[in-house]
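Sharing a structure, written as structure tokens. Questions coming.
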């Protein structure tokens, strides 16, 4: 029995140790060198960090605002429609992100392109499915009677929404925000296509260091570590605020 | 069993299997029949791969077993390639057509004895501009910084070239940069407000997205051609100076078929072959003997063939020594990272942060 | 109110598909610059078929996806099965397995790059397969884990009560029950691999490029309408896979599960 369990546990753990933990350790080792630390402390890095954080935050907020009404509507539909609508929402997620971003580039008016606004728009557009699904899952579980009770007690629909619906769907909101913010924070191909010279983000700089400049591995590792650290911190906070079973 | 093996061996080795030549060149750099004519004449098969960037080429050549025979490095990477032993020496005895090279393309600074490279095509880097929108026509790199054209200019996405533009304006020679020149050039670049850093601004010029682009002359020419109103895109080498670049043919270290590679180099130096390529790609040609076979429209094309005074203002860029390279890399990263979308977005970001905190507060307070 | 919400949702969904539709339409556009429609043509697809480099990239894409899917499905299933038990450090284990999903892909890609560089493994298809397996493993584990949670364990225990050995119980009861989950996970992994850009970009070198990497360099170095054709093809393949995945998850399973 024990042997069987070990047989199950060891292979994936070993794999992840070699291809996740060791690389992370090497990145840390590269980052904590003189060169790496110099880059970590440099104002260029922090400007990039602030810009990437802001862009990801704005994109997440807009995505949330744009997704909530749609998720709410879908949750209120008959099951047959629900499944169809969800399918339509998820379908783009299964397609290539680069293709979708390129399609945006083709369609967006020229005046809007090569700007930070275009990048935010692109992010919102690309990550809508990531936000709609968790929101939907949360809203769908809401007991309708609570809303009725709230209105019976004299609250306006608007107040019921803010005081009952939103707090109760907080898990969905949280999940959606994390699912959008983290990839948005580290993205690089999208800002390169849509942002021109304006929206240069952490991911772009990391790519520059690793792929375009020889001998900048320490710099690239430093920024990667920064990104990783931030992500882990945010995820940690998120998990603190909710409970999980199994691996889901 | 032995006879079987022997027969197989004879069939295999002695059979008419054509020799293979592996060529790694930039895209659209041959005439339509250049490769096939060689294959026919020398009874061989050429596999052609496309170089995307000098970095790609370097990465492929490292290790000495790239599998390529003939490669096409540009002038600024040559010293580095030679020093790193990525190329094989060319045996001049096997390339008699070397005599066709114009005198001024022999013994260039990056390969003083032409031991490793033979110039293939050359060109310049200047400013391509939209004739309708940019009036009067630009004559200085300063046009890329002109507030009148803010958000309509692009610079090349290449540290050396972008810094060269800035250095010309500082009165420094980009062919021989100093740490001080790099610093001053960086400060100037930080003030630039380009639309994008784009090494292939053709599309942007054609669509009218960009009005001024730091651009290779070949790209400018293709843009002018494609715009279908070819008078609309002009090209100029600014008064402060421009870059001259030279693409070379060379033999990769560990080339599987060095003999055939030499024959290919010799073939490419034939006047008719060289001229055909120039006629197709519209690039200027270092082959003296080929000049009389090149179409008049190519020779007189101001994009492809700059005038003598224009050429005098051009410098050859080369890769920097390690310490200066570090300085340039850092400066380039800083320029790229500065962007202009920072400030307003920090403010919007701050607002968003406040909104998020308020919502969270409301939720928690219930 | 609902009408307004419904209209809004419809517009939102449409906005998700309009760019893609335009892209697909332009892949049949005869014009070289894709701004105006000049006529219907299959020419770009013809060019694609003759482009040796693209075919090579297609091969690379499929090879990486197939190899990493096989590895990831096995490892991911093992991981999910192991997570059923309670053991010390399970929290840490769960975090470790879901980590590749939670971090931005550039972090995983660059960390792998740094490691391969440190052990002198130059960029290659192998590196890409190793990288893809790592994140696919996590996705398969999540999918199979979800399926396991919905499974009634008592059937497995009943089988053991009736004299089956733990192995037999596993093979004859558990595995068939979670098979749809495993297959769904495999299809998910394959699709993600096909579409992956960032990890592939950092682990492969020139000549090992995949289609998404090709799209990236095409957009950077000048767009040709051929790109629209490539993109449409990639979309078509992804769609086909999604349909396949849906079919699989509807397969009825004998014994156990639902």
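Odds and ends about this structure:
Letters A, B and C name the chains as they come in the text, with residue numbers starting at 1 for each one.
Everything that follows uses one rule, which is that contacts are C-beta pairs under 8 Å (C-beta built on N, C-alpha and C of every residue); 3 or more make two chains touch, one makes a residue touch a chain.
Bear in mind that the values here come from a model prediction, so they are computed numbers and not experimental data.
Interchain contacts join each chain to each other chain, per the touch definition above. The busiest chain interface, judged by C-beta pairs in contact, is A-C. Centroids of subunit A and subunit C (each the mean of its C-alpha atoms) stand 17 Å apart. With centres defined as mean CA coordinates, subunit C is found 36 Å away from subunit B. The set of subunit C residues that touch two or more partner chains comprises 220. Shared interface positions of subunit A, i.e. residues touching 2 or more other chains, are given as 211.
In subunit B, the residues that reach two or more other chains under the touch definition are 207. Only residues 32-33, 35, 53, 122-123, 205-207, 217, 220-223 of subunit C touch subunit B when the two sit together in their complex. Subunit A makes touch with subunit B in their complex at residues 44-45, 47-48, 50-51, 53-55, 57-58, 61, 110, 113-116, 162-163, 166-167, 170, 195-200, 204-205, 208-209, 211-213, 215-216, 219. Subunit B contributes residues 55, 151, 193-197, 207-209, 325-326, 329, 332-334, 336-342, 344-346, 348-350, 352-353, 355-356, 359, 362-363, 366 to its touches with subunit A in the complex.
On the side of subunit A, the complex with subunit C involves touching residues 1, 4-5, 7-9, 11-13, 15-16, 19-24, 26-27, 30, 66, 69-70, 72-74, 76, 85, 88-89, 91-92, 94-100, 102-107, 125, 128, 157, 182-183, 185-189, 192-193, 203, 206-207, 210-211, 217, 220-221, 224, 227-228, 231-232, 235, 244-248. Interface residues of subunit B, counted against subunit C in their complex, comprise 49-50, 52, 56, 59-60, 62-63, 199-200, 202-203, 206-207, 226.
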